[in-house]
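Chain IDs A, B, C and D follow the sequence of writing; residue 1 opens each chain.
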Amino acid sequence: MLKSLRHIFNRCTNNVLTIERLKSGYGKKQVLFDVSLDVKEREIVAIIGPNGCGKSTLLKTICGVIPAWKGDIDFNGHRINNATPAQNVCRGITFAPQGSRVFDELSVAENLEIGGFHLSEKQRRSRTDEILQLFPVLERRLQQEAGRLSGGEQQMLALARVLIPSPKLLMLDEPSLGLAPGLVEEIFAKIAEINSQTGVSILIVEQRVRAVLALSHRVCSLKLGKVALFGNAAELGEDSEKLKQLFL
Amino acid sequence: MDYFYHILVVVCIYAVLANSLNLLTGYTGLLSLAHAAFFGIGAYSAGLLALNAHMPFFVCILCAMVVAGILGLMVGLPSLRVRDDYLAITTFAFQILAFGCLNNWVSLTGGPQGLNGIPRPAIFGIVIASNAQFLVLTACVCSFTYWVVARIVRSPFGRVLKAIREDEIFAQSLGKNVAKYKLTVFVISSCLAALIGAVYAFYIVSIDPTGFTVMESIFIVSILIIGGAGSLWGPFVGAVVLVVLPEVLRQVGLPEALAANSRQILYGILLVTFMMWRPQGLFGEYKLGSSSREGK
Amino acid sequence: MQDETRAENVIMLDVEQVSKDFGGVKALSEATCSIREGEIVCLIGPNGSGKTTLFNIITGFLKPDCGKIVFRGSDLLTLPPHHISKIGISRTFQNLRLIRRLSVLDNVLLAFDQQIGEHLSNLFMRTQASLQMEQRNRDEAFSLLEQVELAEKAHNAAEDLSYGQQKLLSIACCLATRADLLLFDEPIAGVSPYLTDRILSLIRDLPAEGKSVIMIEHNLDAAAPICDRMIFMDSGRIVSEGTPEAVRNNAQVIKAYIQ
Amino acid sequence: MQLVANIIIAASTILLVGLGFALIYRVVRFFHFAHGVVFTSGPYAAFLLTTRLGLPLAISIPIAVVISAALGATMELAVYRPLRRKGSSPLVLLMASLGIYVLLQNTISLAFGDDTKSIRPNTISEGIRVFGAVITPVQLLTVAISIGLLAAMIVFFRQSIMGKALRAVANDPVLANISGIDSDRVIFWTFVIGSALAGIAGIMVAMDVDMTPNMGMNALMMAVVAVIVGGVGSMPGLILGAVLLSAAQQLSSWFLGSQWQEPMAFAVLLVFLLFRPQGFLGKRVKNASI
C-alpha cells in the first residue's frame, strides 16, 4: 500500500528516475550502501567519485545487468528492480557501457539497427534518419565496419545507438574514457546538444570532473559506495577545496 | 553363477576406468574423452606381447602401462595450451585417431578382426581362467586403483590438483608448477586405464576395436559423472548403476536385439537428466567446468 | 638477521623502463620504480592507469614488451609465475582468488612451499616424512589463521566466509608462501570498517618481519597512515612518487583526479 | 581431375554440416554434439515419409527438413535453455548434448534398425562426365545446394534484423543484452536455422551414399574439424577449412587407402589444436583474464 502510494507520488513529481536506499554488489562483495538519488525530466545528473566507489555498479544495477540487493528503483512510477535490460530498453532506459563499446564486427548502420532491435522496421528506419542528423560523422560511414572507426567516432556511434529507441533516460558510463583531449570536448558538447534537442534525461558517470560539472545540472558524488554529496553541479565546480576533499 | 561373476568383473573394470578418469576429470578438472583409447592401448599392448612374444603376465601388464603412459604424456601436452571444451575436443580427436589405428593398422592389430586366443595368464604358477578367479584379480586391481587414487587425492599433491581444477592462476600464483602436475596426472590416469585394459584382454581372450570406441569413452565419462566426479566412491556407484541397471532390465525380458540400444538410450537419458538436475552426480563435489571464480 | 638501518636502503625490486601495449593501448609506458627492503608502498591512480598490469608483469602473468625487472639480483622476465612465487614474490588478486570449495585451512596449506607431499614419488616412498611435514605445516597454518582471526573457521569452506574474511584469507595465503615481497591488489576495497582495520594493522606489521609490501588501494584515507611512500600512476606512466602527504598535494595528481 | 571433383564434393558436404554447426557454436559457445543426430534425423524422417506414408520424395524432403529444425529447437527449449538459466558451464552443456546424441541415435537404431537404408531417387544413377571427372547428379545437386545455402546465409546475415542480431550476440553477448536484444529468442532461431541446415545436409549425404543411424557422428566430427581449422566465427575460414579438410581426406584416401580418411581428418585437427588453436582465420582465443 505504502509502496504503491510512493510510486504514485513519484509519478506526480517530475522525477524520471528515483532511487532509494539501493544496495548492490558483485557476488558477496557489497559495493553500494544505501544509495539514494533522483533524476528529473530534461536533467543531466553527473555521478563522480574516486575509483572503486561504485559509479559503474550503480548504472549496471539500474539497467538490470546485475541484480539490486535491496532498495527501490523507480522509473516513471514503475518499480524496475527486477527488470531485465531488454525490458528496460523497451520502457525507455538505455545504457552505454564503459569504453565506447560497439559491435566491432558489424557495420555502423547495423550497429544502429541493433539499437532499435525491438522497434518495427519502419520505426527503426525513421528513428535512424532522425538520429543521424545529430551525428553527421556517422552518416558518411554507414557501411564501414564499426571496429575500424576511430575512438571518437566509436563513442559517437555508441551514443547514437542508445538514442535510437527514443529513451527517456540515457545512462552513459565514462564516455570520455580513452579519448584524446580534443575529442573529449567534442563528446561533451554532443551530450549537451542531445540533452537540449531531445529533452532526454541523462545520468552520466565521469572521471573528468570539471568538464562534466560544467555540463550537468546536478551532481552526485559517491565515496566508498555511499553518497557523499548530492547537489548543484555548478556550485561544486567552483569549490576546489570541497572537490579535493571528495577525491583525495 | 558364472554370469553373476561376469557382471561383477565388468563392474570392477568400469570402476577402475572411472576411478582413473576421476583423477583427471574429477580432481584436476580436465575432461578427457579418450579414456577408452587408453583402455584399448593397454589391452592391445598386453595382448600383442602375450600372443607374439609369449611374455609373462606381469611383464605384459607393465609394458602396457609404459606404452599408455608415454601416449598419455603426449595427449596431456595440449592440456597446457587449450582448456575446457577445446581440451575435450582434442582428446576426442585422439580417441578417434587411436580407434582408426586399431581398426586399420591390420598388420599390427589385426584390423576389425582384432586379436584372438590371448593365452590365460599365470600368476605365480596359478593359471587364472574361471570367472571367479578373474573376479579376484579384477577386484585386486580395483582396490589397488582405489588405493592409489585415494592416497593421491588425500595428500598435498591432491590438494594442488584440486586447486588447479578450481583456479589455475591462483595455483600458479602460489608457486605451483601447473604444467608438471597436469602432465603427471595424465600419465597416471592413462597407466591405470591401461592396467585394467591389459587385465580385460586376458579376461575376454579375443579383443577387437569395437570395444574401444568414442561411445565407450562417453560411457566411462557418464559413469564418472553420474556417480559423482571428485569423490572417491562416486565411480564405484556409477559403475554399479550403469552396468547392473541394464542387466536388470534385460532380466525383465527385453529382447536381446534391442538390449544394446535400450542400454544406450538409458544412459543417454541418465546423462541428460543428471546434467540438468544434479550436475555433480550422486556423490560428487565437483560440477564439470565450474571454476571457483565468481563473476565480477 | 640484517642490520635494520642498512636494510632500509637496500633495493629489493627494481623496475626499469617497463612498457606494455595491448593492441595499440599503452597500458604501461616506461614505468620505472624501485622498492626497498622493509617498505610499504601504495600504488594509486585512476582506472586504467596500469597498476594491475604492473602487478601482472612483476608476477610473471604478463610479459612486457620491453624493460627490465630485477628482484634481489635475479631477472624476473625470464621466469614463469610459479617460479617467481618460489623466489619470494607473492600476490593477491583484485577479483579475489581462493579455492572456494576447499576449507580455509586447506587454502592456507596449499600456499606453503617445498612440501614433501607435493611430489608424487614421495607420496609412496616417503610417506612418513610427508605426514610429519604436513603436521608441521598444519600447526603453522593454524598460527597464521589465529593471526588473522580465522582460526575458528579453519574447517569451513572458503566460500562460507564473508567477503572481508575472504580477503583476509587471501592475505594469509600470501603470507604462507613465506614470500618477502607481497603485492596486494585492493586489500580493503569492499571490506567492513572493522576488518579494514584488521587488514591494515596486519600489513603495517609486515616490515618488522623483513617483508616489503606494494599495495594498490583507492581508499587513500585508510591507506595513507600505514605506507612509507605513494606512487601515482596515470595512463601507464609513473607521474609522481613520495610521501603520502606530498603525493596527495601534488598539483599533477590533483589535476589528474579533478580534470 | 576426379580427385579435384571429389575434393569439391566432399568439401561442399562438410560445408553444409559445418555451416549449421558453426552458426550454433558462434552464438552459444559450446560444442553442440547433438547436431550430429539432427543431421541423421533429416534422412530418416524423409525415409519414413516416403516408405511408410508413400509421399513423393519432393514433398517429404521439405517436411523432413522442418522436422530436423523442430528437433534442434526442441533440444534448445527442453535442455539447453534451462541449463543456461542455471549458469551451467560449457562442459556441462557439452556432456548434456552428448547424452542427447546417444539417446536419439539409439532411438533411431531401435526404430529403424542398424542396417543401411536408402532414399536414393533411382537405384543406379548414371554418372555425368564433367571435365573428365565422373559426378553423379546427386553430387552435383549437393554442390549446388551448398553454394546456394551459403549465399542464402550470407544474405540472411547481412540483410535481416534477426541475422544481424545473431551476429551481434556472437560479437558481444553482454553489449547485445544491454542493447535490449532478447538473447533467448535469438538463440532459438539459431537452433532452428542451424538444425534445418543439418537436416538438408543429412538428406543430401543419404541420397548420395545411403544412411545408417550413426552417420551423424562422422559428419559432425568433420564439421567440428572444419570449423576449428578454419577459425571459429569466420565464414571464409569455414570454407577454407572445409576445402583443406576434404583435400587432406581425399589425398590420404588416394594414397593410403580410404580407411585412413577419418584418422587423417583428426590428425589435421590435432595439429591445429596444438599449434594454432584459433584456426586459420579465427581471432586469438582469449586467455583467462587475470
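Just so we're on the same page, a contact is a pair of C-beta atoms (placed from the backbone, for glycine too) under 8 Å apart; a residue touches a chain by one contact, two chains touch by 3 or more.
Given the structure is predicted, the values throughout are model-derived calculations rather than measurements.
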What is the chain whose Cα centre is as far as it gets from that of chain D? C
The larger set of C-beta contacts, choosing between B-D and A-D, lies at B-D
So, what's the distance in Å between the C-alpha centres of chain D and chain A? 42
Chain B and chain D, separation of their C-alpha mean positions in angstrom: 30
What's the distance between the Cα centroids of chain B and chain C, rounded to whole Å? 41
Once you find the CA centre of chain C and the CA centre of chain D, what distance in Å lies between them? 49
Shared-contact residues (touching 2 or more other chains) in chain C: 61, 93, 96
In chain D, which residues are in touch with two or more of the other chains? 290
Which positions in chain A touch two or more other chains at once? 27-28
Touching residues on chain C, where the partner in the complex is chain A: 25, 46-48, 96, 162-163, 166, 186, 189-190, 218-220, 248, 253-254, 257-259
Note: in the complex, chain D contacts chain A through residues 161, 164-165, 167-168, 170-172, 174-182
Taking the complex as given, what residues does chain B use to touch chain D? 31, 77-78, 81-86, 88-90, 92-94, 96-97, 100-101, 103-104, 168-169, 214-215, 218, 221-222, 225, 258, 261-262, 264-265, 267-272, 275-276, 279, 287-291
The chain B residues in contact with chain C across the complex are 151-152, 155-157, 159-160, 162-163, 166-167, 169-178, 184, 188, 285-286, 292-294, 296
Which bits of chain D are touching chain B when the two form their complex? 30-31, 79, 82-83, 88-96, 98-107, 109-110, 217, 221, 224-225, 228, 257, 259-260, 262-263, 266-267, 269-270, 273-274, 277, 285, 288, 290
